[in-house]
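Next up is a structure, given as structure tokens.
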Amino acid sequence: MDSNLLDELLRSCLREDIGRGDLTSESIFSPEQTGRADIVAREEFVVAGAQTVAARVFTVQNKMIIISDALPDGTRVKAGDTLLTVSGPVIDLLKAERVALNLLQRMSGIATFTARFVEKVSTYPVRICDTRKTTPGLRMLEKYAVAAGGGSNHRFNLADGILIKDNHIAACGSISEAVERIRSTVPHTLKIEVETETIEEVQECLRCGVDIIMLDNMSFEMTRKAVEIIDKRALSESSGGITLANVEAVAQTGVDIISIGALTHSAPACDIGMDWL
Amino acid sequence: MDSNLLDELLRSCLREDIGRGDLTSESIFSPEQTGRADIVAREEFVVAGAQTVAARVFTVQNKMIIISDALPDGTRVKAGDTLLTVSGPVIDLLKAERVALNLLQRMSGIATFTARFVEKVSTYPVRICDTRKTTPGLRMLEKYAVAAGGGSNHRFNLADGILIKDNHIAACGSISEAVERIRSTVPHTLKIEVETETIEEVQECLRCGVDIIMLDNMSFEMTRKAVEIIDKRALSESSGGITLANVEAVAQTGVDIISIGALTHSAPACDIGMDWL
Amino acid sequence: MDSNLLDELLRSCLREDIGRGDLTSESIFSPEQTGRADIVAREEFVVAGAQTVAARVFTVQNKMIIISDALPDGTRVKAGDTLLTVSGPVIDLLKAERVALNLLQRMSGIATFTARFVEKVSTYPVRICDTRKTTPGLRMLEKYAVAAGGGSNHRFNLADGILIKDNHIAACGSISEAVERIRSTVPHTLKIEVETETIEEVQECLRCGVDIIMLDNMSFEMTRKAVEIIDKRALSESSGGITLANVEAVAQTGVDIISIGALTHSAPACDIGMDWL
Amino acid sequence: MDSNLLDELLRSCLREDIGRGDLTSESIFSPEQTGRADIVAREEFVVAGAQTVAARVFTVQNKMIIISDALPDGTRVKAGDTLLTVSGPVIDLLKAERVALNLLQRMSGIATFTARFVEKVSTYPVRICDTRKTTPGLRMLEKYAVAAGGGSNHRFNLADGILIKDNHIAACGSISEAVERIRSTVPHTLKIEVETETIEEVQECLRCGVDIIMLDNMSFEMTRKAVEIIDKRALSESSGGITLANVEAVAQTGVDIISIGALTHSAPACDIGMDWL
Amino acid sequence: MDSNLLDELLRSCLREDIGRGDLTSESIFSPEQTGRADIVAREEFVVAGAQTVAARVFTVQNKMIIISDALPDGTRVKAGDTLLTVSGPVIDLLKAERVALNLLQRMSGIATFTARFVEKVSTYPVRICDTRKTTPGLRMLEKYAVAAGGGSNHRFNLADGILIKDNHIAACGSISEAVERIRSTVPHTLKIEVETETIEEVQECLRCGVDIIMLDNMSFEMTRKAVEIIDKRALSESSGGITLANVEAVAQTGVDIISIGALTHSAPACDIGMDWL
Amino acid sequence: MDSNLLDELLRSCLREDIGRGDLTSESIFSPEQTGRADIVAREEFVVAGAQTVAARVFTVQNKMIIISDALPDGTRVKAGDTLLTVSGPVIDLLKAERVALNLLQRMSGIATFTARFVEKVSTYPVRICDTRKTTPGLRMLEKYAVAAGGGSNHRFNLADGILIKDNHIAACGSISEAVERIRSTVPHTLKIEVETETIEEVQECLRCGVDIIMLDNMSFEMTRKAVEIIDKRALSESSGGITLANVEAVAQTGVDIISIGALTHSAPACDIGMDWL
């Protein structure tokens, strides 16, 4: 995550929440008054974005704000633990508070939710992976949070990964034709992934040397069979309808990757507050 | 919601998801090939953002895309209902698809979750209201979705509403002093709201003519008492720890407004897909 | 006034005046040559924006520039008084000079003009208030200058205040209908203001609990009558055709607020120069 | 004035005034309701920016708005004359109204004020010219308005004109040295102007072939003498303390150009309103 | 190449060249005067960006400009051939002319230079590939031009491709360690490439399953040996010091990819002009 | 060259090359690991942009990076010379490396190519001058590099120089008419240049007091004659088809300025690398 890009994003988040100023606080505090506050967990969770994002929200708002004791990404905290301590001008602490908390709650929520999936399959050689079902505008942070929770990332956007879907195949007439057309035009640095729904499609993918075969909404049975057929000649990725309840069963099929939209679109926010010292 | 501001936001969402292009689709389709697809509900929910946001994602991507049969905000749909139909260049439909769905799922999720709260209290003269606990970057859309679900909006940001909290009061010495200082500086067009935790604070608020009294994390008992004391001389707003399970009990206390962070930070996304015709 | 927002605005002002560089100064001075200059009043006026804006223009241009002895907003100065002293690289002092002076002259002009209105009514319990008739792009600074001159601010933009005008009323059929429609949709944190031209309209406003009643272009006589009828049940705001010559007469009617477009659109600029030391 | 640049500027002006939407109008009107209004002079003045700027504010807000009968720049109007007629969605007419009027009042004010200076010297072969004392952010529009009023423009910014001032000269040791250094570095397409305060400086300028000699705050007497000495070998520009009262006397000295900061920083706004039809 | 992204880029190119307006043309032509011109090859070359970029420069400047007979990318033209014809307002044709030509000359230059390399190796199963040595700001267009000339693209930026270089390896202690660390963190959709300088490094790469092996500045002899050892178990990429004179010899070594920085940083511009009709 | 404008440009160049992060380096190095590297000439050339641009690329990426021993613009270096030394966080050195090198190679290339032209005519009183044939987006840097190589700059864009070309003349009927129309509208601070192709046109230019006469694609013979006729009453500028082979012959004609598009569109990039210490 590039720090310049991050700062730009945070600046625009602050602009949204602050508008032309915090009318209440600017009327009451002088720019010189300083304060100190802890950002504190109100429940148990896996931290994402304390040191890397929330801290930076405060320093982007005012570079005089001092951060201390920020917990690294991936730390497990329980209710009452302090994630980071901030001190500096009260007005700016108050201005940055809500954005910092909103991002931290969401990122830690995603990390925590991801970690639960990861634990369920911890004894299998499989990666839990995100999708493009992220919150518009926050993809960089959300994918970062998935990694903080022990998951891994799928392509970032339409320009840095190839995924041939049914309408691409239909337009070309066959998987082979689609793969050939793609292979001749896209950078050789990108793997080619194809979405399949049948064993025949899996076999056609293997014939034309596809790098990643997505097994889309297949039954456990069919997934297992596909994995067997693929036999490590390509990466296998299971996708569609995966929940905490069935993720272990999916892992048992032997797939390499399990991608789950819910990691980012349905992770519950963590409860985090700011306590003044 | 201003359309120019909305377009700017959508353009930046599209830029995030598309990057410098959809390598897969641009390799396979020509810019001239056209298609047609329905955006379809996969479960029951209250629509927000079909006509107003998702449709616009497509036309911002390419103004040649035609939208038809878009459902108005607030419509209740069931699995299988079409929310809108889009037709135009396939490449642009594919480029806009994910952003449109991501926004629609989130906005409809918020509207649906809000509607559940609203129903619970439909026989009481009370407003269900959002907070600033929104997704950074999407506040305009999320507050819009709350309204589509029958809720109402609290202040948009720190510059268009006054909320005097405990550290503001502490800094001034008393509620009266804080209110006086604020009243002399902020626009007379904004109401003044004060966060209270005790009956004494409520009484002090009434003495200095506060417009809105937030009853923060008070018991039902204390809330009821506060409402009685306020006796319509100010708006009363209940806040903190409100869930679907207890919202009706809160409404029974007689408060005017119930504000709920969960409306925006914890609404589950709706299941919505795009079916090609 | 948020400092990040301010810096962004000042950066764009500097870009306009500097273009790709100060060809004259960059040809003559080296980046290392330093200088020192006073910004000096050439006439008597009320300062706005010395410490808060002009100083910041210089530090935004080059953070090595040192500011000293900047006068606080609202200070009354006479010809020859120094408003602030700047020292640092000559090239950057020269680049920032014109923007700093242009803003300072305008802001101090507005503060001074506002102060003249405020003095005229200093014995009445009334606020002198601005409007949306500000210079496009500089509203934040101009409203700030009104406050520095002792005035107060009306709504900032169309999104943070409600003002129901004649064509809104016409579209709804009546004031009551318009107020009801508005009340059910806008945030409860905003007061509702209605523009009235007759006593009947004032009475209807009172019946439906309007928060602020604008008495638009009414005679002194009618204004006085309206104020009597309103009897503190709403704020009364006089507007239209107010000058230094008649503002005291308006205040005598007993209105709470007098709003004056001329504060921002017609305040004469103050004469301020930069003297090298 | 480039139309793309103009549109960008107007979009940012609209964003300032509209914020996230016109809460009042969006609550009352549907996006389909249309209306029609005249923008009307309430006093006599010279028009600037009706056809070119105000009209564009409306079409930038919504390209469905139709403009008719817009008066060309430089037209003299009297109270009651219509400057342009707009028709389209009421919500967007109301959103664009204030920005359009604010710009039109200011631009026409500048054109009118400029025209008064121009008339005073209409029998002399002299140009009335602006300076860099413009409103930050609006320089392009304000210099355009000066031209619409019959004046002409000085350099636009520090990068497209050379003006050697006293501290440049001091740093180089002499005018000749400064001119030589500048001449060897700046584009040959730009004229070189030097600020002078004595006859000796004027003579030195002539010796080193300066293109424009600014006669800064000189008495009429000294100005006349300088003009005589210059004898058309360079353009002569009078600057400093010029008012409507003394401008003709300045013109009588025979200078080629009279530059006046007040044209842009002190022109009174014109009175212009919008009448619904 | 996404059209919204392209338009944004072109708008900023136009802003650079036009500034606040074309003073010459705006003084002479009225906005209504129209004209028509051909963009014509003055020498033989391979076209890139006529239909896709130059045409768009004109329509971004003014959407009323009509484009006709634009040649597709990859077309070979000879002196005198028309690449596209433009017609519309003269002012806007003149404003867009230089940017359109500058881009077209550069893009066609790159396509033509690439095509010369491609021809040299046309009988070998090898791809001619670009690098990150592109003109800052124009990477999207320059990589597009490489493809138009028959070449292919390497990674677009540091975020969409993995290239492990010597200092990465040094920091990890070994290639294997570096690859393992990378593999566990980056998206599975990206291939892993390692820069090698010796046969031992190539062998280590093969042992840890690297996808692409860059043979950096190796002799023909060593390259041939490396290709033999790799034996299609990874893609082999030759890089460093490749010219038109030696590219065929490189191809003869059997490598899969030849990457050449000169394609973008040293392609001579084509000679193209605009002829008015 | 204004430093704020430069930083903005460099930030956008970095964003292009880095995207959301350097996946390889961020996986391998911690943000705390530091390094040190020399930027080194691999061949002989004239430096442009080491101290002024490349150094700034690094500090814009991370202000903790320390620059030392940066060579001033215009220095002649030979293979092996160090242009500047950078030290700081390895991740940021790697992120900034490519952009710094790409700019430095191009700028030094232009300076070197310019210097070759300048040397060829060093005994003649003539300036070697650039044109608008620059790389879109990089004009400020490229014109700066021309100056670093001993050349001088023509107008920067369409708004800061007047160049009357054939279609302007045709539209007006004659050169005199065009010049008159221009003179009455453009700032008096800009010289007026006219493009001529015949001796008659040159004579007409002189009659109407044109400041610069461009002798476009004239033979040496005709150029010499034109220069004689002009006889220092205007600047003479030779343009069109000028190469290293014929530039001295052009200088011999006595023209004041020789403008050459190739300086910026066809200068070969210099070979520069970064060596880790």
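Order of writing sets the chain letters: A, B, C, D, E and F. Residues in each chain are counted from 1.
Here is the rule we go by: a residue touches a chain if its C-beta (ideal position, glycine included) is under 8 Å from a C-beta of that chain, and two chains touch if they have at least 3 such contacts.
What you are looking at is a predicted structure, and each value in this text was computed from that prediction instead of being measured.
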item	value
If a chain touches subunit A and subunit B alike, it appears here	C, E
Joint neighbours of subunit F and subunit C, given as chain labels	A, D
More contacts between chains, A-E or D-E	A-E
Same-site or different-site touching of subunit B by its copy subunit D, using the half cut	different
Mean-CA-position distance for subunit C and subunit A (Å)	45
Inter-chain centre distance, subunit C versus subunit E - centres from mean C-alpha coordinates, in Å	52
Sites on subunit F at which at least two other chains make contact	18-22, 95, 156, 159-162, 185-186, 190
Contact pairs between chains, per stated definition	A-B, A-C, A-E, A-F, B-C, B-D, B-E, C-D, C-F, D-E, D-F, E-F
Complex contact set, residues of subunit B against subunit E	11, 14-15, 18-22, 26, 60-62, 95
Subunit F-facing residues of subunit E, complex	12-13, 16-25, 27-29, 33, 35, 90, 94-95, 98-99, 101-103, 105-106, 132-139, 156-165, 167-168, 171-172, 178, 181-182, 185-186, 190, 265-266, 268-269, 276
Parts of subunit A lying in touch with subunit E, wherever the complex brings them together	127, 129, 147, 152-156, 159-162, 184-191, 193, 211-212, 235, 237, 256-257
Residues of subunit A defined as touching subunit F within the complex	1-5, 140, 156
